[in-house]
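Two complexes follow with chain A in common, the first pairing it with chain B and the second with chain C.
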Partner chain A sequence: MLLLQVLTNGLALGGLYACIAVGFSLVWGVLNVINILHGSMIVLGGYLAFFAHQYFGINPFLFAPFAGAVLFVIGFAIQRLAINPVMGRPVLITLVLTFGINLFFDNAMLAAFNADYRKVIIDPPLGVFEIGSVLLPVDRLYATLLGLALVGALWLLLRGTQLGRAIVAVRMDRDAAALMGIDVRLTYAVAFALGAFMAGAAGALLSGIFPISPVSSGSYLGKAFVICVLGGLGSIPGVVAGGFALGVIESFGALAFGPEHALTISFGLLLVLLILRPQGLLGVKGFN
Partner chain B sequence: MKLKTLLTVSTLATALVSQALPAAAQETLKIGAPLPLTGALSPEGIKLRQGYELWLDKVNSAGGIKAGDKQLKVELLFYDYQSVTPKAVQLAEKLISDDKVDLLFSPFGSGAAKAVSAVAEKYGVPLLASSASSAEVFDQGYKNLFGLYTDNSTLSEPIASLIQERLPNVKRVAILARNDLYPLSLANEFEKSAKKRGLEVVFFEKYPIGTLDHSSALTQLRAARPDWIVITGYINDLIIARKQAGELRVRGQVLTLINGPAYSEWINAVGPLAENVTTASWFHPVLNYKSEDVFGSTQNFVAEFKKKFGTEPDFTQASGAAVGVIAQLAVERAGTKNRDAVRDQLVKGNFKTFFAPVSFGPTGIANSYIPPVFQIQQGKVQVVLPAEIATSEFRTGIGH
Partner chain C sequence: MLRYSIIGAAVVALFVVLLAIGDNYLLRLATTVAMYVALASAWNIVGGFTGYPSFATAAFFGLGAYACGVAQTYGVPLILAWILAGAVTALFASGLGLAILHLRGHYFAIGSLVVADVLREITNSWTSLTGGGMGMNLPLIGGSTGSQAQFYLLAMVALAGLSLLAAVLIDNSKLGVALRCIEQNEDAAQVIGVDTRRAKVAAFTVSSLLVGVAGGIYASWVSYIDPIDVYDVSLSVKPIIMALLGGVGTIAGPVLGAFGFLALEELIWRNSLEFHAGILGLFVVVLVVFLPGGLRSLQGRNIWQLATAAFTKRWA
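== the complex of A and B ==
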């Protein structure tokens, strides 16, 4: 029973991890930009959900697409104004640029919201699912399901729509895509904004589960990094697999070696994987 | 550095004014304070400074400190050590040799206070440590180091005694600690306090800094069937841990979480799950000591702090003002700012402050008060120990 509970814990955590990482993977995979802003965008999504809940009583799960929409607009603007001029440059340039914007973003949030930890408290509480003696918190289940639904929608968008094919085409060959009449700069901006949408929605979904504070952005970014490398860049199923894998590994690692070594185990496995399978679990070259 | 310039300008201005008014040839008491105003510890550094400033304004607006037949204006020299301990040491050295300060206030935390105490000892400058509670800071036989906080074990002992007295059927203890200097040292004290009373420690695990999920640790903790659960860490850890303990239906009779639950930020973030959680802290605005310092009582200090800064003071902010009033009382009693005379008064102790009644033990660490035990009841912080200042009865049970 203990093992089943630990597995459930791991899967419930993994679902949240997948939500955290998917926008980051999209931006890295398509734009070849390591978006250091990603963690702060999740936090901002969390704040939007917090205030929507506090002042208008809106449920954060229902609010997730709206938080995503606000971040979509912000992401689009940031990409057009700041990142587009350096697109196609070495990855280090965009890394430093987003790092700088991130400093600005975090400090602006510190000034606006201060560093106090806040959390949405859903009243009445959503409670816990009991399957035999195994417990599964309902808020984690909802966040995972809604997160996966958004990930699924993104996947369909990339595979089935003209916009999606344009994004994939730009990723595969920017020059050829331009020759086919695709507006490359617009496509970049839309892809970045979609990443921001996923971050904002994830922030809202997590706002009742993790405390919200501008200083949390680093831990989200760190997790997103590991999950992307673990699952393989440029693949949406890869991100989902990476998220669940990390959640389950951390859970069983903590059980077997004690919680203090859970992170060591997951990073150790990551290193082994990078040596044996550098493209990640489901990594591919283009984005699909 | 800007602050320093400002202070110099204001000193110059004061000097000019006093020349114009020949009667007011005033001496100053100079106190040096290295502070982490930028970098990782900046939130704490800013809080300490707020405490210093409240005290400073209060003293100087009343004409300064009365030392014998003189009135001493107080001048506080701040320098930012950027949360870098070696820099704090350099700045302490500069404050003593260039600025010729009479007394020093410590940098934030145990590690930096210990490092600076060596400099203070070398020059014989009394150093008041505002935020050091680890016994290792005070084990060097220094004569100039005085710490406001009592030892970490004074946080674990009262709770353990309370439980032993009220709940004799509590036998099994589980401890989950953040793997970090202070939270881990605190967890070790809880383990000692439990074992000393014949309780069985059935679970003792550490979690790494930055943990986002405690479900695996709490699943194992639950399987150990503890009666008393202790989790140490900071506010973020304790919000997540409390929520997950509720979801995983961790049962027991007492849940102790340190540090965080005494602050409204934590209570707001966990909601009804805060009920009956116990914690301990050196200071809380709910206390009510009558004092012989400039504030007169804890409640008056809290009211003045709120008026100036708009929020209730937490223990770091209160610590800043507390080292101020202790320095003031020591200088007043000595009747001079002479370092040796002030040090003698600090050794004698017995300062009735708004923070607590403060005297220092042979190593320099405060030993004159027991940090109160708090419990959250109906969303409010209540003192349940010591009995003299208790605001409510201790309750048992863990909510879900």
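== the complex of A and C ==
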């Protein structure tokens, strides 16, 4: 029964983890940029939800799309101002650049919000589902379902809209896409902004469950790394699989080695996977 | 070669003057800059010559620091402990290199980036050996504060010299040619008969050896290390910024970049204690966006021309 509970704990985080990583994966896949800023964007989304709850009493789960919208604007501006000039440069340049932006962002958040952990207290508490002897906190269920819903919405957007097809086309062959009349620069900016949207929304969902602090941005970024490598780059179903896989692995890893080693286990796993199967479990070319 | 000799002579002269003055603040700055020269030059062997975006410097630095600390607590004499630190790090890096150097681009960057996190957590948990999160105190060498400072400056400058020597030797060797081939086109290099795997692992190992010794000297110099400090990700990024500042892939670039970076860092720290990381971040953005070739792209042009050129290029 314990194992079933541990499995449930892991699965209950899976959708949320997919939501954390999908924006990072999109930016990596389409812009070919490792966005070190991603973790900080998640934290900012969390703070937006925290303040929306504190001052206006808005439920953080419902606030997620709005936090995402704010981050969309910020992401669009950052891509246009700083990242666009280095598009197509080697990974060293783009990674150092996003690292620099991240230093600024992190420091600004630390100055604005200080390093204290803060928690959204949802009143009345959402309670816990009991299925047999397995307990499932309702807030986690909400977060994971909403996370999955947002990931699904992104998937539909990429599949079914002109904008989404443009993003996929640029990802596959930017020159051919440009010849077909797609504005490549705008598409890059929108793809980056969509990544930021998903980060902001994920942050809002996270703030409904976990305490938030500027210092946790690195661990979210690390999770995004692992999920992308686990699931493979370039497909949303891959990210979802990676998210659930990481949730379950972390959960069982915590049972076996203690919760403090969760990060070590997932990074160790990441290294092993990179060595054995760098394209990930479900990796494909193109972005579907 | 003439340029290197002039730079070398200038550095030696500076160093003699510093030792003569013996001001503790200046000694600390000089030791730091020597460490930066070592780190940036060592990184440049992998990141510049070979073109592999390594973010593993922090991992090697921390490993070297802890190897030295552990060795010293078991009574290994100081200088031997530094050599041991380098050896342990090089051994680790050769294994790691065999495992991750077949990755390219973004995957290699991420793979090398997370190594420091893994080592930090292992160091944190292995309390019996490393003191865990409490950190580790290293034995002091005795003597006055001034003479200690001079001793560590000497050690760090020797290491910086060694790093430069290693870079020059590699650059002028068959290995250097192989690395440059890999940097330009790895598949082509393989086709013309370069043993790319061996060359890459060799470069990675030499680079890590120097970084490991730097970590060891740093550990004895500050005499207290903790996992958060010595495995800090900024240790991976700073050498890259220095190399970018001075010119990636050149011998003199990382040296100039190290001096430039230290000057900048001191300036920022002095003027803004609260927001220094943020300003450093902005500086990185400006550097990467406006000066892609480092300070050398300033030659003959002023900053205003460069900025307008970059803007017109972007908005056109």
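Basically, the second predicted complex is superposed on the first by the 265 of 288 C-alpha atoms of A that agree within 3 Å, B and C clash if a C-alpha of one lies under 4 Å from a C-alpha of the other, contacts with A are read in each partner's own complex, and residues count from 1 in each chain.
Here, a residue touches a chain if its C-beta (ideal position, glycine included) is under 8 Å from a C-beta of that chain, and two chains touch if they have at least 3 such contacts.
Computed from a predicted structure; not experimentally measured.
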Now for A:Y117: first (chain B), second (chain C), both, or neither, which partner does it touch? first
Which partner does A:P211 contact after superposing on A: first (chain B), second (chain C), both, neither? first
A:L263 in the overlay: touching chain B, chain C, both, or neither? Say first, second, both or neither. both
Go through the superposed model and pick first if A:G132 touches only chain B, second if only chain C, both, or neither. neither
Partner chain(s) touched by A:I34 [first = chain B, second = chain C, both, neither]: second
Figure out whether A:S251 sits in contact with chain B (first) or chain C (second), or with both, or with neither. first
Looking at the overlay, does A:N9 come into contact with chain B only (first), chain C only (second), both, or neither? first
For A:G100 in the superposed arrangement: first (chain B), second (chain C), both or neither? second
Contact-wise, after the overlay, does A:P90 reach chain B, chain C, both or neither (first, second, both, neither)? second
By the touch definition above, which chain A residues appear in both interfaces, chain B in one complex and chain C in the other? 222, 260, 263
Touch list for chain B against partner chain A, complex: 43, 176, 179, 205-208, 210-217, 219-220, 223, 235-236, 239-240, 243-244, 247-249, 265-266, 268-272
Chain A - residues contacting chain B, complex: 2, 5-6, 9-10, 12-13, 115-119, 121, 123, 125, 128, 135, 137, 209-211, 213, 216, 219, 222-223, 250-252, 254-255, 258-260, 262-263
Quick check on the complex: what are the chain A residues that touch chain C? 28, 32, 34, 82, 84-86, 89-93, 95-97, 99-108, 111, 218, 222, 225, 229, 260-261, 263-264, 267-268, 270-271, 274-275, 278
For chain C, which residues are in contact with chain A within the complex? 47, 51, 53, 55, 99-100, 103, 105-107, 109-111, 113-115, 117-118, 121-122, 125, 233, 237, 240-241, 244, 248, 274-285, 287-289, 292, 310, 313-314
